Amino acid sequence: MLEEILKQIETGQLSAEAAAKQLATFENLGFAKVDHHRKKRQGSPEVIFGEGKTSTQIIDISRAMMAKKENILVTRVNKEKAEAIQRTLPDFQYHEIANLLFMMNSGEPVYSNGYIAIVCAGTSDLAVAEEAALTAEAYGLEVRRFYDVGVAGIHRLFAHIDEIRQATVSVVIAGMEGALPSVVGGLVSHPIIAVPTSIGYGANFQGLSALLTMLNSCASGISVVNIDNGFGGAYNAVLIHRLANKQK
Amino acid sequence: MLEEILKQIETGQLSAEAAAKQLATFENLGFAKVDHHRKKRQGSPEVIFGEGKTSTQIIDISRAMMAKKENILVTRVNKEKAEAIQRTLPDFQYHEIANLLFMMNSGEPVYSNGYIAIVCAGTSDLAVAEEAALTAEAYGLEVRRFYDVGVAGIHRLFAHIDEIRQATVSVVIAGMEGALPSVVGGLVSHPIIAVPTSIGYGANFQGLSALLTMLNSCASGISVVNIDNGFGGAYNAVLIHRLANKQK
Amino acid sequence: MLEEILKQIETGQLSAEAAAKQLATFENLGFAKVDHHRKKRQGSPEVIFGEGKTSTQIIDISRAMMAKKENILVTRVNKEKAEAIQRTLPDFQYHEIANLLFMMNSGEPVYSNGYIAIVCAGTSDLAVAEEAALTAEAYGLEVRRFYDVGVAGIHRLFAHIDEIRQATVSVVIAGMEGALPSVVGGLVSHPIIAVPTSIGYGANFQGLSALLTMLNSCASGISVVNIDNGFGGAYNAVLIHRLANKQK
Amino acid sequence: MLEEILKQIETGQLSAEAAAKQLATFENLGFAKVDHHRKKRQGSPEVIFGEGKTSTQIIDISRAMMAKKENILVTRVNKEKAEAIQRTLPDFQYHEIANLLFMMNSGEPVYSNGYIAIVCAGTSDLAVAEEAALTAEAYGLEVRRFYDVGVAGIHRLFAHIDEIRQATVSVVIAGMEGALPSVVGGLVSHPIIAVPTSIGYGANFQGLSALLTMLNSCASGISVVNIDNGFGGAYNAVLIHRLANKQK
Amino acid sequence: MLEEILKQIETGQLSAEAAAKQLATFENLGFAKVDHHRKKRQGSPEVIFGEGKTSTQIIDISRAMMAKKENILVTRVNKEKAEAIQRTLPDFQYHEIANLLFMMNSGEPVYSNGYIAIVCAGTSDLAVAEEAALTAEAYGLEVRRFYDVGVAGIHRLFAHIDEIRQATVSVVIAGMEGALPSVVGGLVSHPIIAVPTSIGYGANFQGLSALLTMLNSCASGISVVNIDNGFGGAYNAVLIHRLANKQK
Amino acid sequence: MLEEILKQIETGQLSAEAAAKQLATFENLGFAKVDHHRKKRQGSPEVIFGEGKTSTQIIDISRAMMAKKENILVTRVNKEKAEAIQRTLPDFQYHEIANLLFMMNSGEPVYSNGYIAIVCAGTSDLAVAEEAALTAEAYGLEVRRFYDVGVAGIHRLFAHIDEIRQATVSVVIAGMEGALPSVVGGLVSHPIIAVPTSIGYGANFQGLSALLTMLNSCASGISVVNIDNGFGGAYNAVLIHRLANKQK
Amino acid sequence: MLEEILKQIETGQLSAEAAAKQLATFENLGFAKVDHHRKKRQGSPEVIFGEGKTSTQIIDISRAMMAKKENILVTRVNKEKAEAIQRTLPDFQYHEIANLLFMMNSGEPVYSNGYIAIVCAGTSDLAVAEEAALTAEAYGLEVRRFYDVGVAGIHRLFAHIDEIRQATVSVVIAGMEGALPSVVGGLVSHPIIAVPTSIGYGANFQGLSALLTMLNSCASGISVVNIDNGFGGAYNAVLIHRLANKQK
Amino acid sequence: MLEEILKQIETGQLSAEAAAKQLATFENLGFAKVDHHRKKRQGSPEVIFGEGKTSTQIIDISRAMMAKKENILVTRVNKEKAEAIQRTLPDFQYHEIANLLFMMNSGEPVYSNGYIAIVCAGTSDLAVAEEAALTAEAYGLEVRRFYDVGVAGIHRLFAHIDEIRQATVSVVIAGMEGALPSVVGGLVSHPIIAVPTSIGYGANFQGLSALLTMLNSCASGISVVNIDNGFGGAYNAVLIHRLANKQK
């Protein structure tokens, strides 16, 4: 059908304008997306979800990205796999606590105004918190870390609440009962991305408890990502922070 | 076997002392319980779980108790059923918000020193909170109510925290995400009985969310009763409060 | 302790400045929040969660707000309750499909630049979608509605994808299998707030299916609120949109 | 009873015809099945579910089948077990990614007209996808693989949609949120067998999320098999494809 | 971009052929689907999911379809709603047991060769079974009903097994423990669509028990649709049956 | 094939004996069951599961049974339905607390030696307990009822434990936490059929709690039936009791 | 109190008879149980649940039993632990497939009349089936094994159904969808103890699927024990079989 | 705002008293908590949750506490980790069965009057029971252990019930079906902290069964902590016991 339309323009049976109208439904289809997607901000990384991929697969994908001069962020890589990758691609830096590999190929990310807050309850949530923090930094955001401020010692949270309030977004990470986002949500007025973690035991059910707590929060302005999804929490914050910097 | 032993005492073949030793295993059995149980504190009520009982059944049980001059507490009675009961037994007082009937037959409960705190998050948890408060009062405790102090407006909690701290026990009631006991638990050092409520919707799953939150609380000194079990929360508090008053 | 410090200033033992330092820990406590919270944008409504409140309770709370000249938004009010409230407070406008009451007391909300997209799959998700849309409008946002664009007829989504792309935020609402946010998330690059609905039957388990789908989305930039929480979805969008308008 | 009937025929008291009528209820019983089942299409394999069987057990069963000159397909065999089996039965070919052993004893399967489509979202679903693809090929079907076409990058799906449309059946495999079958189902008009995988983490709950998504799909023409059941997905496709080839 | 290409053809800068190549990515996009979808088999109905729609909404949608001379099938309509609709659109026929409305506008469906089997366990699954049977008939299939042949009285199943075996597809419906599809699957060699129903109590959990049974079936060739989804079961059967009739 | 065999006997090619051997596989098939099943003990009732059947359906089935002079037991019939049935079939006796209808047509059941114990915890489990007790009586068993002997007042259980011990079987019914079968199981040495009930609230999850308790019992000799399945509990006891009476 | 009563008999204030009446509540208490329990049938084993016990603990308990000349059955012992135990106590026989240790110290169990049937679906359920079979044999029962007769090949079941019918009890073991007890239950008229196994994957949820299937069985006369509890299934059968042999 | 008030005192515009009133809301805020918390009873330990912390982290935290002369309790430390810690800090004593490390730095805890009872069902719950017992002892409580008194052998419980009754609090620990707290709760009149354990298999679901049983207990005076949370159970008992000793 398309070829007929094009033929009709060629033979003058149809003006380009009329054809455009007929083809209008094309225009708003998905095909354009690929291009727009390429127009990324300088220094923003391409992301590889490392879990369930072999070191060989990660090396292959990374090489393709290196050829295009892209910064590369690999999440969920354990130490052993990371070392295997680094032996071949020594430019990768490994952040052990966050299980992240990062390689800079297109220059440093361009930093924007303001900062986001990464808030977490205890030392056991550190892996997820650092996955979030390092992800946000890899996208060029300033990150301020507020760790170990859980509800069971709420005065530690209050000592930092003003600095948290001035962030554009907070990523609040909590395992166990997962009450921290509710408390922070009652004290700040910017958007909060809540990240439940699987830290806990027994009736925690691998993070289900924290997840349900966050979804049921009485505080407004909280939305939730998957259990242990530090990357996802940060990525949402990146999108919001850029809006605040008019850098959509 | 028992009769033989008794016979042997009668016939002098066995001394009472020797028999007592033989029967020693009896002594620590459950049978004595009924009597000990009767020795209740003056004015303490007998309790009827009203749900699933007809008004006729409740009236019958109540009459048996009235004959023994006992105060009577009936929980989980809706308005309609309460009115049916009151038509026959007009001495019952109905507390509509808590779905409770109460009748005094053995004089007022004897009040003890100190008070317990009933803390709850929002107006929607009121039914459970009042079930707890009225239960504790029926057992002769002084109750102080701290309602509408949920985590999403935590400053309201702080305005009352000192008075809460001076209670012997707190019964902390919360629906939705159920985070309140964790927060209170981080601020007081007495035992907390946490009561999850079924208030909420969606991923609340009829109180499961609040229940899990409370069981997973990072704060020490919190134990939990069944969803919506205001009576049970209060009854635990009564037992603990009496210990503190040496009135076991 | 506080009184001692104040006394020392009065007696000149301590300068106000030195005292301020000592009291610095106060400054960042929660108490200030009440005031800051008052400084709301002109026309923004106060919100009452109507479910589980009687019409009398809603009327009482509303009157208190009317006295302060605040716009009032009441969510989750069924028709019967709404009519009972309107008989007493006829200035309330009722939106039946969204179960919302709205009353303007402080002038129209101030509209900001840009718009947000409310995207939903089918006519059965309309109640939640309209709760979201009317909430956002009550906060002064321009809302564009993209209804009936579910994945089972994905060409309808493509017909509007460009207009959706130009929104600052999308609130994407879906019941049944809840796949729509994943699809939209693969086509736009702004933040998406996903709202699962309880529409469905059988293995839908009252919205659990849609909720899990959204939490597990492969697409980045999606965060999730509680099942049927149209208000919450919109409120998150309001916070993000204001950031984009530098109106925190 | 049976013997009496037979006796009566022998003695002429009953004609064979009359007896047949009396025994009619026998005729439609299950016993005939064994024979009919033997009449399989040439080259179709016998299948062994390898999980939970020792290599010795698999070897024994295989030998029995080899004696009958049957092609043999063993599913769910890890590398170590496969190698142990191959040491004894070197004619087995091992497909590591799909955990499958295959041995040809009765000649190549007879290929039919048309092809089926195996569609999957990402590289992590490859094991299940290949289990499906190799199974279908072992049954003599032409398979076309459409991998890495997940909803988060839906334009890749569109690039192949016409070729998918011309298949007789699609087996659509997806983990995480499992939305792919819904999307494909909205674009094609042949039957779709959806296979959820256990790929994911957190609120994925080992494939439950994908399973529920697929069962709740708004798109018609989708039916679902067990989590990670690539074999089952393919086997259903084989039955349907044969119908389309009049080869029941 | 599109308009530029069209302009270039008009001005002769680009041949239609070259343009077609450039636009090739368009060709395999979703837009064409609408047309293809229109080419339905004569007499096949358009389907409206009636649950959650008002009688007014159903009437409106029906009128639009009547204008296009389409047969209309409305599922999940209770008696009261059906009667309200029939008062306005008296051409609708109501099947009470299956909660279905049907209206013929484009002539009878064209019947194909062969038949499908609808097999169900007990009288309580009748509503779902009839939803399936009437749906298939509305699409022009011959349906043979085998009701009340559940596993607890398996000899009744055997009495009909040969007739079931000769169907092209079976839709097997079962509540309670849901074992029937496994048993049928062990006796026939064509594809089986299993439909769990919510019939049962206690540990049935609204059909979960039957659903899990069917997903875990040891018998090959079984795929499953949502609980109580008689329509979906039948629709899958329709697609498969048409393949067998080369009427894709 | 069958007909050929029969023909061969007729024509003398095959002796009846040889044929019998060839047909041996028939002999042990299910078809014989119908007859054997008819040989029931005098007075044993036929059972109709009343839930989900209309009064008309129950009347029809009952009439068919009355024609065969069978005793009839209808379970799960609420009062309203029962009265409708009794208006047509006044010979039915209704047991309101157990929701049972019973009609004697073939004389009283024949009573056997010994008795079974029906043990239950509280008055709220009475409906299920009476369904069990009346069922067992309808099958001609002597039943002894031990009600209101729950674990929270375990001395009441001990008062009757010897009489319980002398039963052939115990059916132990409990809701809430469902601990009673474990306790009884530690005190008796005959088989126990445990029946969980849906009595409870909150974390009871409609009987799930009691069901899990019973399945996990540390006491040996306990097996479990579905939640609220008083009939099933009794029917198992009937089968066991008959074995003890050599009346299989 | 007891001592006073005894004293009164000694001093003649109370007759033994009168005392006996007063102490009547003692008589029916639990204490007597220990003795009755000792009176076990000759050769019946004492049972140790081996899981979670160290080999040293099992050796210690075994030695205490050996001193009392008791046969010993240890369940859930893996090979390694078994060998460690056998090194010290070489009289133990190990059944590897069933993970059982058995030692005869008081002579062979006395065999009773009749047999029980152990029926299971596939080779993967063998461990549980053998745990059941060997347990029953250790208690002196004749066991007939009917393995590999699952519903997906139901003709194999029919080949043996008569022999199964003549058992006193059947223990029916099944994993995956767990439908076998329903089918057997429809064919026999003695009690069935159903044992779900954790064999399966995906939506099997570690045996939950089979457990629910069995609890929801339409066939009467089926009761269920915990997942993988072969011992429990057999022990119930032992109790019932003894009743049938009047050997309570 | 605070600084202004202080300034006004300095300049005499405001008296200290008047300022104190204005600042009153400060006084009852959380900040004071740190100090009050320091005033602990002599010898009470600081607690470290060892799970998920490395031995290095535990050593670092311990050293900080040692510097402050605090007793240290580390829970959930496996043997390997404990030994690594002891190599550096040899003053730690390791209790292997309870997975606890303890170090005394501030002198022995001060013992109070009375004792608490730790009651558990079987040897498999020993780890949790000892975690509870040693925790309570570390806090200076006298502990009496009542192990192996589960409901399946309830006479063992009765042998000790009087001694249990005289405790101030009972911590009752049970896995499997978790019925023990209900039974104890029916026999004593002091508060019971119930601790479910994850001991069990199959339908135990890692302790869920025991947890639900305890939450649904019919006995009053029972509250529950998380699965396997021996420490939490004991800590609640410590708080209650201190109240009974007026040592809040």
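We call the chains A, B, C, D, E, F, G and H, going by the order they appear; numbering starts again at 1 in every chain.
By definition in this document, a residue touches a chain if its C-beta (ideal position, glycine included) is under 8 Å from a C-beta of that chain, and two chains touch if they have at least 3 such contacts.
All figures in this text were calculated on a predicted structure; none of them were measured in a lab.
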Most remote chain, CA-based centroid, reference being subunit E
H
Repeat of the A-D interface, chosen from G-H, D-F or C-D (over half of contact pairs identical by residue number)
G-H
Cα-centroid distance, subunit D relative to subunit G, in whole angstrom
39
Give, as an integer number of Å, the spacing between the C-alpha centres of subunit H and subunit B.
23
Roughly how far is subunit A from subunit F, going centre to centre by Cα mean, in whole Å?
59
Note the residues in subunit C that touch 2 or more other chains, in rising order.
25, 27, 29-31, 33, 154, 158, 187, 202-204, 208, 211, 215-216, 220, 226-227
What is the complete set of touching chain pairs?
A-B, A-C, A-D, A-E, A-H, B-C, B-F, B-G, B-H, C-D, C-E, C-H, D-E, D-F, D-G, E-F, E-G, F-G, F-H, G-H
Which stretch or stretches of subunit G touch subunit E in the complex?
121-122, 150-154, 176-179, 182-183, 185-187, 200, 202-205, 208-220
In their shared complex, at which residues does subunit C touch subunit E?
123-124, 154-155, 158, 199, 201-204
Subunit E partner contacts - residues on subunit D that touch it in the complex
25, 27-30, 33, 36-37, 47, 158-162, 168-169, 187, 189-191, 193, 211, 215-216, 220-227, 231-233, 235-236, 239-240, 243-244, 246, 248
Residue ranges of subunit E in contact with subunit C within the complex:
29-31, 33-34, 51-53, 57, 196, 198, 206-208, 211, 226-229
Inside the complex, what are the residues of subunit F that reach subunit D?
1-3, 6-7, 9-10, 12, 15-17, 19-20, 23, 25-27, 29-32
